[in-house]
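This is the structure I have questions about; it appears just below.
The letters A, B and C name the chains in turn, as written, and every chain counts its residues from 1.
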C-alpha cells in the first residue's frame, strides 16, 4: 500500500514530469498564459493518461515490441478522437472549449513517455495510479506557471480582475502599476519554469545535476 | 522565389523550437553534447523531409473533404478529415521504424550514431507539428511541402545545435548549483526565443494578399463599372420586392 | 496462452487486426455521431449570425448566445432574407440571388450553410465565388451580416460582421480553431468583439479601408470610431493581423453590393 501511494506522490515533487523527467514541455509553454486553460489542460491530460495507461497495461503482453510505438500512438489518438467526437455530438459547448487542446494532448510526450516507461511493464492498477500521479504532477506546474503569467501579464485570475482596471486606472493601477505584457509571451513561460526548477532544487539538494 | 521564401520563413520566423515551442522535450533532454545534438538534429531533418510531403499526399488525396473524388464522383462527398491525426501519426511512426530497419541493415555505422535517436523522434512533437501545420496552413503543392519539411527540420537542427554549444561552454561558468543543468537551459532557451522573435519583423503585416489589396482596393472601388452596377440593381429590386 | 510476440507473422497479424478494429470503431462512431454533429454545427452558425447582429443573451462581461433550443426559431424570425452574391475572381459582381432562388438551384441548401473556406479556395483558382449575406432588421434599421474567414497563428479563424447600409459595424463575432488560449483565443471575448461596434469600414470619402487591429493604438478605449482601427490584444499579434486581413479581403467583396443599395 505504501508503494502505491508513492506512485502518486513521487511525480508531484521529486520525480515531477516537467521539471525532472523533462516531459510535456511544449504544452506547458503554449497554454499557460491563462490559469483557466492550464486547469482545463491538466484535467484533460489526467483523463487521457489515466485511461491510456490502463489500456496499454492491459495490452502489454500482446503488443509486438517491433511496432510498439505505433501501437501506443494509435491508442492515444483513438482515445482522444473518440472523446472528441462524443463531446461534439452530446456536449457541443464543452467540445468547443476543449477542441484547442485535442492536438496538444496527442502530441504531448508525457503520455508516450509514461506508456513507454511504466505501463508497458506494470499491471493495470499500478499503471492507473502512475498515470494519475504524473498527470497531477504535470498539472501542478501548469497551474503555478499559469497563475503567475495571468496575474503579472494581464492582472486577472481566472478572468476576474484582481489588481483593478488597467484602463480606468483603479486599484493598483492608480499607483502607476502596469501589466507586464511580456509575461504573456511564450518565452516567459520557459523562464518561469526555469525559476520553479531553481526553487525546487534549492529545497532538495539531491536533485542538483553534475 | 516562393520556395525560397517559405524555406527561410520556416527556418527563422516560424522556427519550430523558438516560435512554436514544438519538440521541446527532446530538445532539452538531448542537448548536453554537441555531437549527440547533431545526430538527433540530422535525424529530425531527415524524418521531417520524408513525412511532411508524404502526409501532404495523404491529406490531398484521402483525408480532405472531397479528396476522394479521384476515385469517382460518388466518393466526392466523403469527408475523412476526422482521421487526419491518426493517419499522420501512423505515417510518422511507420516511417521512423522503416528508416530504423533500413539504416540498420545497410549502414551499421550510421545506425550506431543515429539509431538510438530514431525511437525518440516518433514522440517528438515537432514531427507531428510539421504535418499538422502543413495541413492547417494549406500548403498548395507537393514541392512546397517538401521545402517546408526540410526548412522546419533545419530550423530545429540549428536550435538544438545552438543550445548544445552553449551548454558545453556553460560548464565553465559559475551557475548557482540549483540552477545547473536543466534550470539554466530553460532560461537560456527563453532568452534565445526572445531573440528569435526579432525575426518576426522580417515578414509583418499578414500575408501578401492584404498588401496588394490595399493598393488596388482604393482605385477599384472608385472606378466601378457603371454598367454592371445598373444590371445588378435591377436584380436587387426584384430581391427587395420579394422581401416585402 | 503463450504467444511468441516477436515473430514477424504475429506482428503483421497484430498490425492488421489493430487497423481493422480501430478503423471500425472510429468509422462506426463517426457515422453514428455525424447527424448530431452536423445539427450542432448548423445551430452554432445560426447562433453566430444572430450574435453578430445583436440577438444574444450577453450578461455584463461574457458573450452568451441565444440558447440552442430557440436558435432556429430566432433565426427564422430575425433573418428576413439570405442573399447570395456571386462575384468573379476579380471581385466583380456577377449576380445576386435571394434565398429561394439560391435554394432552387442548389438542392435546397440553405445559403447560411455555404462553406466560406471552399468559396475562398474556389476564388483562388479563378472560379466565381458565392458570398452569402444575411439581412435582418433591428430597431427599424436594416442590418447586413457577412461571414469572413482567414488564418490566425495556428489554424483557421472566422467570424461574422454585422453592418448597416453605410458599412458601419453593428456587431461582430469571431471564432477560431486553435489559437493560443489566453492570447489569440481572446478574439472571441467580449472586450475584443465589442470594440468593433460602431467602427466604420469606409473612410470619410467612401473608400473601403477595412478595420485594422492596431498595436500601439493611441485610442485604447476605442472612442474614435472613424479611425478604422481597434485596439489589439497584447501578445496576439499574428492572430490580430489575421483578423485585419480577413476583414479587408472578405468584406471588400461586398462593397459593390452596398454601393448598389445607395443608387
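Throughout what follows, a contact is a pair of C-beta atoms (placed from the backbone, for glycine too) under 8 Å apart; a residue touches a chain by one contact, two chains touch by 3 or more.
This structure is a prediction, so every number in the text was calculated from the model and none was measured.
J.: Tell me the shape of the graph of touching chains, choosing from line, ring, star, complete and other.
T.: Topology of the interface graph: complete, with all chain pairs in contact.
J.: Specify the chain with the shortest distance from its C-alpha centroid to the centroid of every protein C-alpha atom present.
T.: B
J.: Among all chains, whose Cα centre is located farthest from the one for chain A?
T.: C
J.: Of the pairs A-C and A-B, which shows more C-beta pairs in contact?
T.: Between the two chain pairs, A-B has more contacting C-beta pairs.
J.: Measure off the straight-line distance from the CA centroid of chain A to the CA centroid of chain B, and report it in whole Å.
T.: Here chain A and chain B have centroids separated by 23 Å.
J.: In whole angstrom, what separates the CA-based centres of chain A and chain C?
T.: Inter-chain centre distance comes to 31 Å.
J.: Where in chain C do residues touch two or more of the other chains?
T.: Expected reply: 22, 26, 30, 177-178.
J.: Two or more other chains in contact with one residue: find those residues in chain B.
T.: Within chain B, the residues that touch at least two other chains are 82, 86.
J.: Can you tell me which residues of chain A touch two or more of the remaining chains?
T.: 30, 66-67, 70, 74, 78, 81, 85, 103, 185-186
J.: Please output the residues of chain B touching chain A within their complex, sorted ascending.
T.: Of all residues in chain B, those touching chain A are 21-26, 28-29, 82, 85-86, 89-90, 92-94, 96-97, 119, 122-125, 128-129, 132, 171, 176-187, 189-191, 193-194, 197.
J.: For the complex, which residues does chain C have touching chain A?
T.: 3, 5-6, 10-11, 14-15, 18, 22, 25-26, 29-30, 33, 36-37, 40, 44, 68, 177-183, 185, 220-221, 234-235
J.: Report the residues of chain C in contact with chain B in the complex, numbered from low to high.
T.: These residues of chain C touch chain B: 22, 26, 30, 80-81, 83, 91-93, 95-98, 100, 121, 135, 151, 154-156, 177-178, 206-209, 237, 241-242, 244-245, 248-249, 252, 255-257, 259-261, 263.
J.: Of all residues in chain B, which touch chain C in the complex?
T.: Contact set of chain B toward chain C: 82-83, 86, 133, 136-138, 200, 204-207, 209-210, 213-214, 217-218, 220-222, 224-225, 228-230, 232-233, 235-236, 238-239, 242-243.
J.: For the complex, give me every residue of chain A touching chain B.
T.: Within the complex, chain A touches chain B at residues 19, 22-26, 29-30, 66-67, 69-70, 73-74, 77-78, 80-81, 85, 102-103, 106-109, 112-113, 116, 185-191, 193-195, 197-202, 205, 208-210.
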